[in-house]
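Here you go, one structure.
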């Protein structure tokens, strides 16, 4: 449950900067090769956890632009670059991470966390839909600067094969920037799979086909939400008339561009009743999709406002979930169930269950204390509240565990 | 035990094509001769020659069958009329020679 | 294959070819189509679905589906079974992503306007108003800068190993060279005062 | 600014019909009408619902309304234009049109050691001469094969008993393999054989080239030997020995078998199926006797009505489903193909269930004498004394063969959607056109559907399957799905949405 931001005392920061945090030993060993792309010493925030040592003092001569002193309350003399000292929580920022700092603020944000599988290129707060359950409502602002920041962030990431997300808002609103980012990712971090969340509406413009074919990222997957097999229901969930039609055209254009596609369905009172029919629609009309993710709802943002319209106890849609998942599975379309506590799941669904909520985002509640499968359970979102709690939540006993395990064979 | 019956149709309700299709569909059990007099179609119905001596339909059964078949084909024609052109268009779009 | 045109024509004329029934549908066609934009976009290339149920052995589909009137091979049907009911074909290979990409709570840097920040020294260049889809070329660092960085890393490594107490300046001066030679001597390496591969390896300085 | 007025979403939208067909299942179910859309999506509805649908009286927003929308029976002009989806489904179902002939049959010899009464192929005695394909003709046929643009090719050797002309097989396989080094097609070799004449040499060669064997197993010894007389009365034993040998040398998947059903066979559905279980097969093909070749002449003794076959099929299917439920995986091949057509948007590629017709368009047969036919069956008609379904000679280029008047003739009777009786049939999306069978049975390429055994067989089998899909319990559905997906029943603890 590690947060992605904390506060430091920040000294001598002239402008917004991204820094790659690096410990001296790693700097010796790898130099700038610690970054996947183009980097120089000035991009580093040198991690000095013993700033008073002679060795540290001699390192002050290095032409790095920033020092990060996790254990110190005060800045040290003899260094004229930026210094980050006195963290609120010294565990948040660690060597290898990429951080962003801005003048006039104590906040240090981790844009890239070493070793995490949930790093994200955040594209924009803008969106052209307004989904009833949106966990982070869009803002109508000009935030094109994210593009530049993400391009720089790609350079400073570690090389390696962990997945990188691209999200928003709606990332395709900044089409040129998005394509530039995908192209740069292909060049700098080709070994990292990209997972791009988009509502697919703008891709109804067929000129995307040639652009995406030209970029030809080898490991890009589009995560596209589809909430119904008909326009009325889908458009209502995303609060945008015409969205269903646009998304379908978008999905087809992505298929024409040979893109990998995942369909994402957030389970709510609006989507659960026709989930089997939606599965049918997906198989008959878009069997080219690689994966269908059926996901429990997160009680964040707009979802809270629309509680009455959205909330359904997951116990009450297990049958639909079961019908949909096996319908797709038999027909060769891979299915996953995300974001539900294991104890509310129909045991036959266990083969599709993924422990999905990222580690910094999930939690377990009191009822979980005696549960035998906490280590395999996605748990709850951090935002969990009793209002959104299934009546089926209970500790799973060792006997019950046997039932699940048999299904998992 | 054979019989012959006649069914008279108003051609505005059951066009010739509908009567012909019904006759075609039932031809393994019934033989239906169609003729036209004014606005009316005359369907002369007799049991078909059955090879294996299977029992013939009664005239009443045949009437039920023919009426249902006529109504079905009339409904089909209505569907076809409403969707005519679409089938051809779909085939044209779907089978476009994408570089074949 | 010009045959395709012929098939299209035939399928298109899916009006029953009953004797004497061939009524012209031309008029009705236009009536039905009027008012609806059914004209597909010319860029809309028709998609063809790949079979998701037997994608692995789709290759043999014709062998498997040979006319039943002659001997036909079932082998492709069976190619995923073992003879007596062992392993069946698995669903399409797919490793689900470990987790859905989470949404971070993220706001613009507070004290600078977006345009300021986009032209800040994040990458040292001002963003073009019409960005190209190509990636910006990698900055080519001058060779002497590369060398200087390497020397700094060597100086740091020598410092950690207590051979060097001078400044981390990226210059191969006498102090650095002397420290290198001392390290080489203690490590049983050829004593030449040079940053050769052997020496860098021994210092734990990786070169890309 | 993103808020959408509920009034806009809920605005009045009318619907229009898309092309669809309906069929009465004539049973007591409240949903006894099958409606099928142009691309094979289907629903079961009641009489009233059908009337409402056509009469534009359906209430918007009901589950039925949404199902009809999602399955392309209706559309809402102001909401969404589904043409791209329908076109993709359509094209996927007709995908076989885009490749050219993919199945190439080589009749390398007419000689055979069997004297099967029902044999659909004419045959020559073992030592007969002048009944083998010449090396020159074989080379020409290989050229024709590669003139087809199809990226996937199947080369099937037939006879007679093709292993009696193994030298020719060797020549053809080697020439094909050599040319394929730059052609890079995906090519599968199959030999249809009794397996009585296998040798180590043949098996070595087959291993090298990945050749598979297809044989006939008509049931237990008493049935098989009765159907397939040999001088030694040991056809069953020799074929079983062959199957064992192939499995041992080439792997358990390299030998497959299918069944020919005589009137006698129809009395033994359980014995036949048990034999396949016992011999470790995973698939059985219960095919009725064909109206071709010798089988037609001896029909007095061997043939049976299609109605009798259909009864046999239903009995067999019920038994197969039962033993599958008990843990033995054995699928029925034709059922699996029909299920593919009903339950998926994909083309099965199966030659006899194609429209436009598979013969010629998808299949070519090179006869031992250099003649080229659109299918196996067309050649048999010739051997029976019929004439006229020959495409040409093996020395002619493929383009020329495909411009033959015979192809024109086949096509004019080979598009089911345009055939009388078929054009209104709700089963046409799953069925095919078989003008050659109609010619053989009725003397006319189009034929009359009311008297067509092809139509009787497919419509009754499909109707039976549709009833099972509608009414069958979860365990029955699971077995059918396990055949469709070729997955173990244990893999499918739940049948999932019925669709």
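Letters A, B, C and D mark the chains as written, and numbering starts fresh at 1 in each.
In the analysis below, a contact is a pair of C-beta atoms (placed from the backbone, for glycine too) under 8 Å apart; a residue touches a chain by one contact, two chains touch by 3 or more.
Please read these numbers as outputs of a predicted model, since none were measured by experiment.
S.K.: Tell me, please, which chain's centre (mean of its C-alpha atoms) is farthest from the centre of subunit A?
M.R.: B
S.K.: Taking each chain's centre as the mean position of its Cα atoms, how many Å separate subunit C from subunit D?
M.R.: Distance between chain centres: 40 Å.
S.K.: Round to the nearest whole Å and give the separation of the Cα centres of subunit A and subunit C.
M.R.: Centre-to-centre distance between subunit A and subunit C: 18 Å.
S.K.: Return the distance between the CA-based centres of subunit A and subunit D, expressed in whole Å.
M.R.: 47
S.K.: What is the distance, in whole Å, between the centres of subunit B and subunit C, each centre taken as the mean of its C-alpha atoms?
M.R.: Going by mean C-alpha positions, subunit B sits 59 Å from subunit C.
S.K.: Show the residues in subunit C shared as contacts by 2 or more other chains, in ascending order.
M.R.: Within subunit C, the residues that touch at least two other chains are 1, 4, 7, 11, 13-16, 18, 38, 40, 44-47, 49-54, 91.
S.K.: What are the residue numbers in subunit B that touch two or more other chains?
M.R.: 21, 24, 80, 82-83, 86-87, 89, 91, 93-95, 100
S.K.: Can you list every residue of subunit A that touches 2 or more other chains, as numbers and ranges?
M.R.: 252, 283, 287, 329, 331-332
S.K.: Okay, what are all the chain pairs that touch?
M.R.: Contact pairs between chains: A-C, A-D, B-C, B-D, C-D.
S.K.: Show me the residue ranges of subunit A that touch subunit C in the complex, using the header's touch definition.
M.R.: Subunit A reaches subunit C through residues 4, 15-18, 24-25, 27-33, 37-38, 40-41, 55, 58-59, 61-62, 100, 102-105, 107, 109, 117-118, 120, 122, 135-136, 141-145, 147-149, 151-152, 155, 163, 165-167, 176-177, 179-180, 183-184, 186-188, 193, 195, 197, 206, 209, 211, 214-215, 221, 223, 252, 255-256, 262, 264, 283, 287-288, 290-291, 293, 295, 329, 331-334, 336, 338-339, 354-358, 360-361.
S.K.: Quick check on the complex: what are the subunit B residues that touch subunit D?
M.R.: Within the complex, subunit B contacts subunit D at residues 21, 24-28, 52, 72-73, 75-76, 78-80, 82-83, 86-87, 89-91, 93-95, 100.
S.K.: Which bits of subunit B are touching subunit C when the two form their complex?
M.R.: 16-17, 20-21, 24, 80-89, 91-98, 100
S.K.: For subunit C, which residues count as touching subunit A in their complex?
M.R.: 41, 43-45, 47, 49-55, 91-92, 94, 96-106, 108-112, 114-118, 120-123, 127, 130-136, 138-139, 141, 145, 149-150, 152-153, 156-157, 159-160, 165, 167-169, 203-206, 208
S.K.: Once bound in the complex, which stretches of subunit D touch subunit A?
M.R.: 1-4, 8-9, 41, 61, 63, 66-67, 69-71, 76, 79-81, 84-85, 88-89, 343-346, 481, 484-485, 487, 492-497, 499
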